[in-house]
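Below, chain A partners chain B and then partners chain C, in two separate complexes.
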Partner chain A sequence: MNVFRFEFKQLFKSTLSWSLALALVVIIFMSFYPVYYDQIAIMKPLFDNLPELLLKSLGVNVDTLFTGLGFYSFILMYVQLIAAMQGMMIGLGIVGKEVRLKMNDFILTKPMTRSSILIQKSLAIFSHLLITWVLLTILSYVMLTTVETTELKFNIFLLFALSTLLLQVMFASLGILTAVLLRKLKSVVGVSMSVVFTLFVMNLMQAILDEPWLRYFSPFQWFEKSYIFYNSSYEWPMLAMCALVTIGSCVGAYVVYTHKDIHAV
Partner chain B sequence: MNLYLQELKSYLKTMMFWILGIVFMVGAGIGKYEALSSGGNMDLSTILGSMPKAFMAIFGLSGIPIDSFGGFYGMIYAYVTIMGAVFAIMIGSGILAKEERDKTAEFLMVKPISRMKILLLKLAAASTLVVVFVLVTWGTSAAIINKVSPTDTISNELAYMMIAMFIIMMFYLAVSFFLAAFLKDAKKSSQLSLTVMLTSYLLSVIMGIIDNTDFLRILVPFQYFKVIDLLDLRLDPFYLVFSLVAIVVAIIASAYFYPKRDLMI
Partner chain C sequence: MFMAVIETKKLTKYYGKSRGIIDVDLSIEEGEIFGFIGPNGAGKSTTIRLLLALIHPTSGSATIFGKDVITHAKEIHQEIGYLPSEVFYYDNMKVKDLLNYSASFYKKDCSKRIKELAARLDLDLNKKIDDLSYGNKKKVGIVQGLLHSPKLILLDEPTSGLDPLMQNIFFDILAEENKRGATVLFSSHILSEVQKLCDRVAIIKDGKIVKIDSVQNMKEEAYLKVGFETKVPFDVSTLGLGKLNELTQNGLDVSFIYKGDINLLMKKLASLDLIRVNVHEAELEEIFLHYYQKEA
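For the complex of A and B:
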């Protein structure tokens, strides 16, 4: 368990700054909720009069527009952007560390198997993601209960929160897979930033593209907020997609890492 | 000049991927206009126009009039600019720092060129890559616009948007280049550049949701040149001067600090 302990300890500083960043985003955005509500409250009678069917076809839910939880579901996109960045960066950073710092001969000459190295590293990554997520969820809950004027729908909140964790873990697995696939890893920030932002902008572009098949390749759309609001559950095909990518990446990383040639320098 | 050419060559593969990405984004985006405008009954601008401001902000589209072809292209411009900023930061924080990161700094420094010259040549190479990025976007957009909708001539608006995009990209390039020149630790400087990018992006989202937040504008390069102004063939003079000064200051500061600082070998 030495590798796990070492990496776990190493990650504390990074987890601290990521949690801080996430906390800042949640606090700053949520504290704008009253201002936002004032601006949008005049629209409420208008929306109340619209037939349910029309709203549904537009993907708008009155609850999503005029409640704190609805506002939270808006900002969740940005929370998830940062959470995904964290997942990808520490996945890539921890597993790619030896390649990046040219220390493979150091760790691989220790009396343990490659699979044990990879599993311990992954455990360290996932446990830190869990720590960040728990902090984020508690803070979000506290912020929500302070600004929310009506009763908070706890099960929907939980689904939103859980989707963040699923995305974090998915991006971390993707990071781990990338780290074992790349022969040389130049910049953790560079790779993570390009991957995460590409997927994020793809999600934004869906506003004009609106291609149903593209959703399967756009992780930020797997947990559609309005769907969760209406149905109090995830969309099964998208959840399956998330599970597929996560498990596929982990298994792929394991197979590649235990078999590949590793250069000493 | 060898160094300049060498840098361009080393980024050739990266550049290829980015060019593919731009062509896809611009092509898919503008291509959608044909489907939307010929569809007739599904009028995007009326649907989007009826949404509250905060709602539009969720898609990153606030302040963009979507009732014209120029405005429609403005959305695509906004998306490509986000990716452009990511690209500029990746190049800016990498091009200088990679020598120390890849342990090639000694190799480079014993060559008969001064550090100042190294810095300037690398800056020239990085700027060239940004120019290529902008020109590819420009060329692809012009070609596809011409094909999709030859009757809408928006070449002047397009020119203004591309100039704005170039300035924004150069801004991020200069800032991340300065951070890499100033800080010893490549990891720290790239993380800081990422923080700058994320912060300014999230602030631009806040500015989209909440009215009366114009005081934040100076911190948010994405908001320096609003699409609505660009469509009027206008670049905000204050922010134009401010961003140019900021770029020059960042470059001068890099040239001042880099030749003096210790290298991490």
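For the complex of A and C:
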């Protein structure tokens, strides 16, 4: 488990920064809520008059916006964007490290199977995502119970929180797959940004075009907040899509990594 | 009874349609220092990368310690030390952290050997790798490749970036490792260093092995470099010396590499009206060139 230990240790700094970024978003946005809730009489008609398309693309649901949990579901879009970015970046960064630094010759001539290297690296990635997620979830829960005026529906909160983890893991798997497919990797940030933002823009595309099948290609819409809010469950086809992409990427990465030729740099 | 440490059978690698190596048959015995010579792009690195399972053969097979290099890569790597021509390392790490990480893959305590090698090579273990010069990074590579006292050492053009003094120390270390029992495969395009160190040499050209022989034999085979100048122009092919290698005729100046009966050569030369003659034993470099001359 030396590769796991090595990568796990190296990831702490990164996890600390991502957790701080996520905590800031949650703390700042959630502390607006009480002020905003007090102005409900002025705010509600204002939102009602906004075009539906705009609200949809911003992820706002006017009916639920004036509950703590509804408000949380609104900021969740940004939380999930950051979390997805973290997943993609560390997935790509950790598995693609030897590609970026031209060190494949170093690690792959060590007495360790390629599958073992990939599995240990993936474990380090997923454990750090889990650490970040646990911190985020505890903080969100604390913030929500502080500002929520009615009783917090815990199962819905948990579904919201879990959807963040599922997205993080999905994006990390995409990052891992991307890392094993690339022959050169100059900038982890560059590649991650382009993938995550392309998929985030699918969100807006879907809102504008209103084609239902587009949702399957728009990860940020797989866990529709208002659906979860009213049904206390995920949409199964979308959950299946998430599972398919995650497992597909991991299996794909494994097959490619264990068979590919490592060319001289 | 000898044992082949490395054995390849019709080992072939194509990168898509472009040629890597074709039908390479090698057998390197335990305790040998084996040189692998050829210009850039001839297939030296391809062969070494195939042996290390970094790339997969298109056809043919290779074994190390009698085990298939692909299916038993993990066991084989336990006993292999590898030094590539260019070395790269993780960002922001101290030399000793990198070496300890490298050592953590092997089932033995390497800390003593790391210190010994670092002292020999005058390498500061507490420095950050990013702050090291190219030559010093190369030293990290040497320690990294040898810290687990491997039974087989694979070196792919290892001397680039080392100053002559360090090269000598490095060659001394290799010779000691060899005395200890390690087998060494040393690829290079510089003949003199192979000549200095190796017992046997394989010459590779355009992906194919053209000759495998001992360094001694190669030198002993009577290759003669012949040069002379005549008073009147004449046709060299009328000399009757058979096929001449490296033949150049520049007006009245003639030179070639000759292999064969020296008395016949002398008789033939004596029949000419000469101004100047120069016959000497060909350098290994010149013999080597003769394998590489472009077929007319």
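List of remarks:
To be clear about the criterion, the second predicted complex is superposed on the first by the 237 of 265 C-alpha atoms of A that agree within 3 Å, B and C clash if a C-alpha of one lies under 4 Å from a C-alpha of the other, contacts with A are read in each partner's own complex, and residues count from 1 in each chain.
Please note the rule applied: a residue touches a chain if its C-beta (ideal position, glycine included) is under 8 Å from a C-beta of that chain, and two chains touch if they have at least 3 such contacts.
Computed from a predicted model, the values in this text were never measured in an experiment.
The partner of chain A that touches more of its residues, comparing chain B with chain C, is B.
When the shared chain is aligned, chain C comes close enough to touch A:L108, but chain B does not. Once chain A of one complex is fitted onto chain A of the other, the partner contacts of A:A41 are absent, as it touches neither chain B nor chain C.
Contacts of A:L244 after superposition on the shared chain: neither chain B nor chain C is touched.
Once chain A of one complex is fitted onto chain A of the other, the partner contacts of A:V255 are absent, as it touches neither chain B nor chain C.
Contacts of A:G190 after superposition on the shared chain: chain B is touched, whereas chain C is not. In the three-chain superposition model, chain A touches both chain B and chain C at residues 102. Contact residues on chain A toward chain B in their complex (touch as defined above): 21, 25, 28-29, 32, 35-36, 39-40, 43, 58, 60, 65, 74, 77-78, 81-82, 85, 102, 186-190, 193-194, 197-198, 201, 204-205, 207-210. Per the touch definition, chain A reaches chain C in the complex via residues 2, 6, 97, 101-106, 108-113, 259, 261-265.
Touching chain A in their complex are the following residues of chain C: 15, 45, 49, 52-56, 73-78, 80, 82, 84, 86, 88-91, 101-102, 104-107, 144.
Taken in their complex, chain B has these residues touching chain A: 21, 25, 28-29, 32, 36, 44, 47, 52-55, 58-61, 72, 75-76, 79, 82-83, 86, 89-90, 93-94, 98, 101-103, 186-187, 190-191, 193-195, 197-198, 202, 205-206, 209-211.
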